[in-house]
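Below is one structure, written out as C-alpha cells; comments come after it.
Should a chain be cited, it is by its letter among A, B and C, assigned in written order, with residues numbered from 1 in that chain.
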Amino acid sequence: MRFEYEAAPEDTTHVNLQDSYGLFINGEFTSAQDGKTFQTLNPATEEVLADVAYAAESDVDRAVKAAQSAYDTVWSKLTGKERGKYIYRIARRLQEKARELAVLESLDGGKPIKEARDVDIPLAANHFFYYAGWADKLSYATFGGPPKSLGVVGQVIPWNFPLLMAAWKIAPALAAGNTVVLKPAETTPLTALHLCKLFQEIDLPKGVVNIICGDGATGANLIKHPGIKKVAFTGSTKVGKQIAQIAHAHQKAVTLELGGKGAHIIFEDAAINQAVEGVVRGIYFNQGHVCCAGSRLFVQERVMDAVIERLSRRIETLRVGNPLDKNTDIGAINSKMQLDKINDYISIGIDEGAKVRRSSCKLPTRGYFCAPTFFTDVSPAHRIAREEIFGPVLSVLSFRTTEEVIQKANNSPYGLSAGIWSEKGSKVLAVSQRLEAGIIWDNTFNQFDPAAPFGGYKESGFGREGGMQGLYPYLSV
Amino acid sequence: MERLAVQKTYKLFINGQFTRSESGRYIPLDTNQGTVNLCRASRKDFRNAVQIARPALATWSGYSALLRGQILYRISEMMEARRNDLMDRLTELPDLKESDPTKELNAAIDHVLWYAGWTDKYAALCGTVNPVTGPYFTFSYPEPMGIVGIVAPQNSPLCGLVNVLMLAMLSGNVSVVLADQRFGAVAITLSEIIATSDVPPGVVNMLTGDRSELLPHFYSHMDVNAIIHPDRYEELSQEEIMNLFKAEGHNLKRCPQLAQKSELEWQSEPYGPIDFSKLTETKTVWHPAAMP
Amino acid sequence: MKWEGWSLSVDRTAIEARAVELSKRSIKKASKVEALTHILQMIDLTTLEGADTQGVIKALCHKAMHPHQRGYPSVAAVCVYPNLIADAKAYLNGSTVHVASVATGFPSGQVPMSAKIQDTEAALRAGADEIDMVISRGEFLKGNLEFVSDEIKAIKKICGDVHLKVILETGEIGSLEMIRQASFLAMTAGADFIKTSTGKISSAANFLSVMVMIEAIRDYHLATGKKIGFKPAGGIKRAKQAIQYLVMVNEILGSEWLTPELLRFGASSLMNDVLMQLEKEQSGQYQSAPYYSLAY
C-alpha cells in the first residue's frame, strides 16, 4: 500500500491582496507618472495576482529626491538610539504579520509555504531586529573611528528571497543612518510593497525608505542616478559586472551579492545519510533558486555508489507541487523564463553526455514546475558543472584525494559557498581554510543568520551582508 | 686623482631578482645628481610579475602571522640600516623641495613598524564569533584577497608607497606595484631592502614604467584580484575611467575606496584595521556543535 | 566489513534537522484516518508490571480484540511477562492478536546467560508468538560487542521462526553513533525487529533514536536486501507522535514498511488517544477520556 498525504493547503483568507499597487515614494503609494503598470503572476497557477506601477526615470528621480530630503531633514538628524527604535518597530511588526507575509511570498514567488513560513519571514524579522541594535553602537564597529553615513543608497534585489533580501538591504542601511530607494524584482514585488504598508503603520518618517517597482531599466536608472551614493545589488554576475562598472566610474560605493556554483564535498568519512540530506538542502531548497546553492557535488569515489543510491531514493520522496500545501518540498519555478533556462541546461547536460536522473513525480499541469534532477558522470569541463543553473539541478562529480577536491572546488570563477561533510575535524578545518568561498558550511548547508556575515569571493561579488561586517558597506570609513 | 664612482642601474624587481625590462626600454630620470635610467616595464613584464606572484601567495599567506610580522619588522630594520641610501634618493628628487626628507624617511620606517605589529592582531579585531541561532559554532575571519595590483601614490615618494604596500602585505596578499615614475629610484631602493629582509620571492614585485601604458593591463588582468589606486582618477578622462572599469568587470576586481591623502597625511596617518579589512575577504565558517 | 551502509557516523545536528522537518508533515483528514488506522493495527498493547494479574491480562486482551464499541480493527499483539503468556493465549483464543513476551531478564538483562535461555524457552513453551529480548547494555558499553552478538544469536536460535524483537534500550546507550552500532549488531545477529526501549527507564523512544534506527534499517536493507522491522516503544502516548514516527518510516524506509509485519508501536495509553482521534475525525467533535474503556 502507499500512504498518500491529503492536500494540506495553507489558509489564504487572511491575506489582504490588492488588485493594484503603486510605487512607495515619500511615505505614500503613488501611481507612476506615466501611469504605466505591469502584472505580477502566481507562478504556480499562471494567474495574475495584481497590477503594479512601473517606475520610469522620472519616478526614480522622485524617489531619490524623497530619500535625499528625508536624509537631510530627518534621518541624519536622529540619534542612533531613535533610528534603532524605528528599526525595532519594523522587526516586531514583521513578526506580527509573519503568516500573512509568508502566504504572500509563496503566492507571488512560488516557494513552498513551509520555507516562507519557517525561513524567509522569521529571518527577515530577525535581520531588522539584529541591525536595530547596531544603530546606536556604530563606533564600536568602526573601532572608535567616527561612523559616517553615506546618504541615499540604491538597492536592487532578486526574486528568490524577496522579503528577506529587502531586509538584508534595508536593515543595515537604516541602522548606519542612510535612507533607501529599493527596487524589488519584477516577478516578486508584493512582499516589499506590503512591507511599505508596515512602514506606514509604524510611522517611519516619510521618504526614509522608498520602494519602486520595475524591470532592469528601472534598476539601471536607479543606479545611475547622481543622488545615489552607494549601490547594493543582489542578482546575477552578468548584471553585477555592469553595475560595478557604472558604480566605479561614478565613484559610488558598491557591494554585490552575485552568482555561485557552490562546491559541496562529501568525504568517505562523512555521516553519509546526513550528507545526503545536506545535498538535498543544498540544491533543492527553494527550487534551487539560491545563489549559494551547493550545485556542484563532489563525492569521494569510495562512497559514490552509496551516495547516489541514497540520493536517487531521496528525490523520489520530495513532494513537488502546490507551494501553498504545507507538505510541499519543492514549489513552483519563479517564472516561465527561468523554467526555460533550467530546461535548457538539462538538455545541455544530456547532450554533453552526462547521465540524468530525475524524480518520477507527477508535475501539475498548470504553472511552472521542474522535477528534482541530478546528473552523474559529469566532468569538470561540462557546462552544467561550471555555469549557474539556478534551479533544482545538481551536477555530481567524483574525486579521489583531499588535495584533488580542493583543486576542483576552487576551479571556478565563482566563490560564494562551499560545504564539507566529514567527521574528521582537523580535515574539515583545513579544507575550510583552503576553499575560495565566502561561506563554508561544515556538516550542514544553507544556514543563514543575521549575525553571520554572508558574501562571496571572486566573481560571486564583494562586500558582506550580516554581522558587524555587514555595516561597513553602509558607512563611510 | 678623484675616484670614479660606480653608477647604479635601477632594474625591475620581479621574483626576488633585479632584472631589466624584457622590452629593453628605459626611462631617463632627472635627479639633482644627474640623470639616471629606470627600466620601462612592458605589459609582458607585468604579466610575468603576476605569474610569479600567484604561487608566492600560498607561501606568504601560509606563513604564520607572527612570522609575517617579524619579516615586516626586518624591513624596518633594513630601512634604518640603509637610511643613508634612502635619504640620498629622497634628497636628490628635484621637485620635492618643500618636503622634509628626514621626516619622510622617519615616518616611513615607523609606519612599517606599525604594520609589523598588526599582522598577528588585526584578525582579532576584524574577525568575529557569530552568535547565531541554532546548534552551530560560527566564526568569520579575514583572508587575503590574493594578488593586489598597486598603483603607487603620485604625491608621496616613500611614505605613500610604504603604506599601500604594507596594507597589502600585512594580511598575506602579494603585490605587483607600479611605482610612480618620478619616485622610481626610491621604489627600487626600497625593493633592494625588501630583497634582503627574508620576504619570499614574488611576494613583492616592483615595476617602474609608464602609468598610462600599464594601467589598462593592471585593471584588465584576469588573475589580479584587487587594485589599490589611491589617486586613481586624477589624470584620467571620464572615458578612460569607464574603459578601466569595463575591464574591471571581467573578473570583478576589488577596488577598495581608500581615503585620498596629501603628502603630509601620508606621513602622519598610517592605515588602520578598517582599511585592512578592505584588502581581505571575510570567510564565514559554520560548524555544528552537538553532543554525539 | 565493506562500507555499504556500515559507516557508524551520525551527525546529530543534521539528523535532528531532518527529524524536525519530517515531524512537521501535515497529516490531516483522510490521510490522518488512514495513518491512525494503520497505527491501531500496529500496536503491541503492553502491560509489564510486577503487579500484573490474570485479571489485568484479561482486560488487556479484551481491549486488544475489541478496541471500541464502534468496531475498529484489533491491535497487532499484546505484550506481557512470560508468566502471563498462557492466560493471554487463552483469552485471545481465535483472534488474530499475537502474544508477545519479554524475555532474557527483562528489563535490565542482568541475569546469567543460562537464565536468559531458560526465560526464552519458557516463554516459547507457554505459546509466545513473538519474543522481545533485551541486550546486555553493560557488555555493549564495555565494548564487548561479541558478547552481545552471541547472546542475540543464541536467543534467535531458540526462537526459530518466532519473531525476535531486540530491545536496544537507547536511553542507556550513550550516543547516536552507538545506537547505530547496536542496531547493526542486532540486525546482523538475527533480529527480526529492532526496538528502541523497555519503557522502564525515563528516556525512551524519541525522534533522534527513532531516526537513527530507521536509517540503520534502511542501510542494512540496501546492503543485504533484508527487511528488518522496527518497534518504537516507551513514552508514546499521543497519536500525533505515532503519526510522526509513521511518517518517518514512510519517507525513509518506504511504504512497504507500513505493515504490522515490519512496524509496531509498543504502548498502552497510545491506543485510546488513537481511538479518540479517529472518533474526532468521524464526528468532528473533540473527545473525552471517560468515553474510552481502560485496558486494565
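By definition in this document, a residue touches a chain if its C-beta (ideal position, glycine included) is under 8 Å from a C-beta of that chain, and two chains touch if they have at least 3 such contacts.
Note that the coordinates shown come from a computational prediction; the quantities given were computed from them, not determined experimentally.
Asker: Per-chain C-alpha centres versus the global one: which chain is nearest?
Answerer: Centroid comparison flags A as closest.
Asker: Using C-alpha centres only, name the chain that sits farthest from chain B.
Answerer: C
Asker: So what's the Cα centroid distance for chain B and chain C, whole Å?
Answerer: 70
Asker: For chain A versus chain C, what separation do you get between their C-alpha means, in angstrom?
Answerer: 44
Asker: How far is the middle of chain A from the middle of chain B, if each middle is the mean of its Cα atoms, in Å?
Answerer: Roughly 36 Å, centre to centre.
Asker: By residue number and range, which residues of chain B touch two or more other chains?
Answerer: Residues 134, 136, 288 of chain B each touch two or more of the other chains.
Asker: Where in chain A do residues touch at least two different other chains?
Answerer: 443-444
Asker: Spell out, as numbers or ranges, the residues of chain C touching 2 or more other chains.
Answerer: Each of 10-11, 13-14 in chain C touches at least two other chains.
Asker: List the residues on chain B that touch chain A in their complex, please.
Answerer: On the chain B side, the touching residues are 125-126, 128, 130-134, 136, 138, 140, 143, 225, 233, 238, 241-242, 245-246, 248-252, 254-255, 257, 272-274, 277, 281-288.
Asker: Okay, in this complex, where on chain A does chain C touch?
Answerer: Counting only chain A, the residues touching chain C are 1-6, 8, 114, 268-275, 277-278, 302-303, 305-306, 309-310, 317, 326-327, 423, 443-444.
Asker: Chain B touches which residues of chain A in the complex?
Answerer: Per the touch definition, chain A meets chain B at residues 126, 142-143, 145, 237, 240-242, 244-245, 248-249, 251, 253, 256, 258, 413, 428-429, 432-433, 437-444, 447, 449, 451-455, 457-459, 461-462, 464, 467-469, 472, 477.
Asker: Looking at the complex, which residues from chain B come into contact with chain C?
Answerer: My answer: residues 134-136, 288-292.
Asker: For a test of understanding, state which residues of chain C touch chain B in their complex under the given definition.
Answerer: 10-14, 16, 174-177
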